[in-house]
Amino acid sequence: MQFVAQTERMTAAPVAGRRRWSRDAVGVILIVAAGVAGYFLFPDSLALLTRIIAVALLVLSLDLIVGYCGVASLGQATLFGAGAYAAGIACVNGVTEPLTLIAIGAVAGAAAGLVMGAIMLRAHGLAQLVLSIAIVQLAHEAANKASAYTGGSDGLAGLFVGPLFGVFEFDLWGQTAYLFGLSLLVAVFIILKFVVSSPFGMLCRGIKEDPIRIRAMGAFVFPVLLKMFVISGAVAGTGGALAAISTQVVGLDSVSFELSANALVMLVLGGLGTLYGALIGTVIFMGFEHVVSAINPFHWMTMVGALLIAVVLAAPGGLSDLLDQISAGKKRNSGGRP
Amino acid sequence: MKATKTLLGVAIGALLMGSVSAMAETVKVGIIGPFSGPFALQGKNFQAGVEAYMALNGKSVEGNDIEVIYRDLPTANPAQARALAQELVVKDKVQYLGGVYFTPDAMAITPLLKQANTPLVIFNAATSAIMNTSPLVARTSFTTAQTTTPLGQVAFDDGVKMAITVVSDYGPGIDAENAFKKAFEAAGGEVVETIRMPMNTTDFSPIMQRVKDSGAGGLFAFLPSGPPTLGFVKAYNETGLKQGNIKFFAPGDLTQESDLPALGEAAEGLRTSFHYSVSHDSPENTKFVEAAGKAIGNPEQLSFPAVGAYDGMHLIYKMIEAADGKQDAQKAIDAVKGLSWTSPRGPVTIDPETRHITQNIYLREVAKGPDGKYYNKKIKTFPNQKDPGLATQ
Amino acid sequence: MSDLFRVENLSKSFGGLAVSRNISLHMPAGERLALIGPNGAGKTTFVNLVTGQLKPSEGRVVLNGEDVTGLGAVRRVRKGLVRTFQVTRLFSEMTPEEHVTLTVLQREGRASRILGRFHGNSAIADEVADLLGALGLTEVARRRVREIAYGQQRLLEIAIALALRPKVLLLDEPAAGVPSSETPRIEQALERLPPSLAVLMIEHDMDLVFRFARRVVVLAAGEIIFEGLPSEVAANDKVREAYLGNYAHARNVA
Amino acid sequence: MQTILSIATDAFAYGMALFIICIGLSLTMGLMRVVNLAHGAFAMIAGYIASYAARDLGMGYGVAIFLAIIGTIIISIPLERLLYRRIYGSPELTQVLMTIGITFCVIGITNYFFGPTLKTIPLPEALAEPVDLGFRTIAAHRLFVMACGVAVAFGLWYLIERTTFGTKVRATVDNAAMTDALGVRTQVIYAVSFAIAVGLAAFGGVVAAEFLPIEPYYALRYMVIFLVVVSVGGAGSILGAIAACLVLGAVDTSGRYLMPEFGNFFFYAAVIVIVFMFPRGFFGRAQ
């Protein structure tokens, strides 16, 4: 028996590893291809595409918490807003280098994630959801109150971002912003793929399914989840900073319940716990919203609602799950189901 | 649907005009407004104003056909505002931008204007500071400080020596509080207390209790137009403040015409100051109300954003004329500096310095008309008011 | 004292209801002890008290001479007090290999590392493969848990526990719910447990108990009514009463 | 003292208004385990029906309330059959997606038919007048809302705790499969419970319209408050919902009186504190 185990390990393990690697590599290539295709297909809508990327970062960050840890949140925009305001305030005060601003946003988001996680992880289930709502409402209120720093409801304007690498301007046509955003998204996505397939990522998935089992394995649950909150905050903060840099304004909407709820809708729409679902959901939801509201600005809401209902009826596991079933047949993507 | 109708109209117009000018160019105008969402009514008013202007003044300027493209921005969302403006300029190749209901959205668009070589005519967004962010912006609405300031003297003359201010806790609310306080104190009164209440307040009784306890003889209030105003006015009546002779003053956002059917009796006698009343008696306004009422479908829904849009289109037409259909933002904006004309709201001028509209502010009172409907009845005119918010900066 | 593990006067009551009363146990290294008792005897409560899921109202739990009563469940696991679950608690989307790898990584203090790949370490992969091999799970090592037989899931529970290198192992009904055709494999696995390990098995299946245990403790209505050799159990009056349902009656009279 | 009494009266009225609307949601979430974010949409539909009946058709207030409840329940029946039945027992997030979709549709359709303006429901003379309570005047409809709240609380308590229907509901909640096996048609129980919840939403939407005015965005605007109140009270608990409404109503009202500019801070800080102290809500069931 020992012998069998040895031989099988020798042959099978590298194969499995390679398959996982190659699948992720294909995924990343597809994302880059889609991004580049967007650049050439819609050269006139780059500002919209950049906004989708910023929101995609927010939805990715939410997937880390909801999809990988099973912590439902309707307040994720707190972290996005923290990044956006930190980058915005830094920019107004003379920090104009884009990469520095992104770093500031990520750190602020991570710090907000630490606080938010420390509060939210005290509760479970519905109570947790309500805590997340309360936190985002408080953050929104705080941003409104601190109008000396945030511009309050008028928004924080006057962000003059310097050129990227001292060369590429963030201009009207938005090529710089878009390509910068796309590179950020791809980089973050690759990092997150590493994170979720690391031992830590596995531990989180385990916690999502059964925290008691994880404790019985001798692992503390709270610090693991808190760590994921910090990572999630950094990702959301990056998205917020990207939004601030590319639009040069930060509004109260970036730290609102509405944005949080939209992010959750997009995530569930795309499918939880795969990272791909987060991207698919964001692109489909925002693209659909944009197209429908351009066709009929007066009654697009009905159609978006109908889309959500249709998705629940046709693909309860989200769109990425549906794609999985269609394309790969039986073979399912790794990761938890909702 | 509406957009296609407009397109169709433009196409037919183009056919008819084909003989006049063989080299007619189509000038595109992008209008951003809240056409869906909680503020959809204001967006509808934008559209009604634009359509009314085009119905009365033709769909072309000196052989240049005008095509209007509407883009929906339901709530204050600067990122989306920028994306929409960028797309309108780059993809749809609009030469003029108009509309914009919320201040942060305007703030997100103005940095683009220079590069886009496109002027922006703001139909509503009412914070003074927007005008400083780009030399290519003009505004045909009002600022909160502009509509509020005359109330200070009015309140004092009405015998109010001590007043309390109650405003929604956001930019325009704070602007209103400051403007009233300044004007009222300049007139010799004293503001004994200032209350800022959260935007989502639904039950105003405790606030009214607070007003009562303050001992003030007058109440100045500012809330954004829409659902909360109803609760606020009702609470004012029901808690006995009305009977208790605490006088109520507010800018006209609180009694906009489209809210009056809902407010009804509760609003009767409320005095507000504003730049426009649908009931304004002038031939220009009669024409406007008829055309805009037709455009919006239900004339009861007509309100102040429509006149902002109407006059905004007037500016855009003038700009197109000056630039001769070419894209030249500086020439266009220079052409309207100092421009005076008679708007449905009364005589107006674009201040050459600030590019903000100088206009009459009217003191009105909600009264019941002979048809049984409530309207804002003009009782006093403060002519040629500039924006005091900008003057002080 | 040479006892590896001791429980002293452990009691627990919810409100006024005593569910565990004055339980004392001691186990030297290498012990094979079976805890049996009729339904509702308080066996699961006892396990929860020992592992730290529940806080006892009174009494002490001593591991390796150290009082661990004040420690939480996680700390006790880290000290070597490990359990399996009566109803398997596994991650349905993960493979047995992933379960055990995660457990070994955790034991090594590397489970919450973000850097480094889950499958990357060959020393750990060797250990995992050996462990899975020892429990006969090699064939299903790469299948999702929800796709493998229940008996194999039970074996995986044991594999996870062993991956933690426990000193004391609590097996909570390791054969519960397993079809009789698969029980021999579980028995086999139990026989091959490391000799120095102290094992406390809670079990209903008396055949398994007699074959496995060197000592038997019988719990009824929250207290120990018998302690001795497996061969003596059947002859004991109190045990017979408890299992025949008279114990409650007898206690009421007393 | 007078001020305290006055604030307490306002808080009680506001709390009761919230209670009437929220209790239906509490039942759906607690008993049927459906996170129905479209709850407010039903209250809104009822408001529109009542406004149409009373204002445009000139019917009496009582008739309008009755029509609104019946009308809303009728509208909800096909929704329950076609949509909600698919999500009983689904993961919560799937339910959230579906019910947000329904809310969007209801908002869009309402906007289309009734336009984006505010709708009022004219009160009868008797309820419109201020009443002198000695220490202050209060609108009569506030007293009416308080009375309605108390009546709803007792009525529901009686229905759930004292009737055979209530017994069946409780049994279904505890173990649907077992109850089904005992010959109770759980499908019917679900459908009837859903109708009751919708009816309560409708009733609440109409009588509380003076606090939460009827407009197309009603369903989204107050979604958060409803969800928070139900969670704080503990889903499925009548007593919990009352407690939550009164406590949050009191915090909200006194916060707005004492420090209006920090009103929201008070409210949500109170929510966080309560959730920390009662993680399952005031009277939530153990899960």
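In this document, chain identifiers A, B, C and D correspond to the written order of the chains, with residue numbering beginning at 1 in each.
One rule holds in what follows: a residue touches a chain if its C-beta (ideal position, glycine included) is under 8 Å from a C-beta of that chain, and two chains touch if they have at least 3 such contacts.
All of these numbers come straight from a predicted model, not from anything done at the bench.
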{"item": "Chain-contact steps, minimal, separating chain B from chain A", "value": "1"}
{"item": "Chain separated most widely from chain C, comparing mean CA positions", "value": "B"}
{"item": "Rounded Å distance between chain B and chain C, as computed from the means of their C-alpha atoms", "value": "74"}
{"item": "Geometric centre distance via CA averages, chain D-chain A, whole Å", "value": "33"}
{"item": "Centroid distance [mean C-alpha coordinates] between chain D and chain C, Å", "value": "49"}
{"item": "Approximate Å spacing (C-alpha centroids) for the pair chain B, chain D", "value": "36"}
{"item": "Touching two or more other chains - residues of chain B", "value": "36-37, 40, 44, 169, 198"}
{"item": "Residue numbers of chain A (touch at least two other chains)", "value": "141, 145, 298-301"}
{"item": "In contact (per the touch rule at the top): chain pairs", "value": "A-B, A-C, A-D, B-D"}
{"item": "Contacting residues of chain B [partner chain A, same complex]", "value": "1-3, 35-37, 40, 43-44, 70-72, 75-87, 89-92, 103-105, 107-108, 111-112, 115-116, 127, 129, 133, 169-172, 174, 198"}
{"item": "Contact set on chain B toward chain D in their complex", "value": "36-38, 40-41, 44, 169, 195-198, 200-203, 205-207, 209-210, 213, 226-228, 230-231, 234, 238-240, 258-259, 261-262, 264, 298, 300-301"}
{"item": "For the chain D and chain B complex, residues of the former touching the latter", "value": "3, 6-7, 10, 13-14, 111, 115-120, 130, 136-139, 142, 210-213, 215-217, 221-222, 252-254, 256-257, 260-261, 263-264"}
{"item": "Chain B contact footprint on chain A (complex, rising order)", "value": "43-48, 50-51, 54, 141, 144-145, 147, 151-155, 157-158, 171-174, 243, 246-254, 258, 293-294, 296-301"}
{"item": "Chain D contact footprint on chain A (complex, rising order)", "value": "66, 72, 119, 122-127, 129-131, 133-135, 137-138, 141, 145, 257, 261, 264-265, 268-269, 272, 298-309, 311-313, 316, 338"}
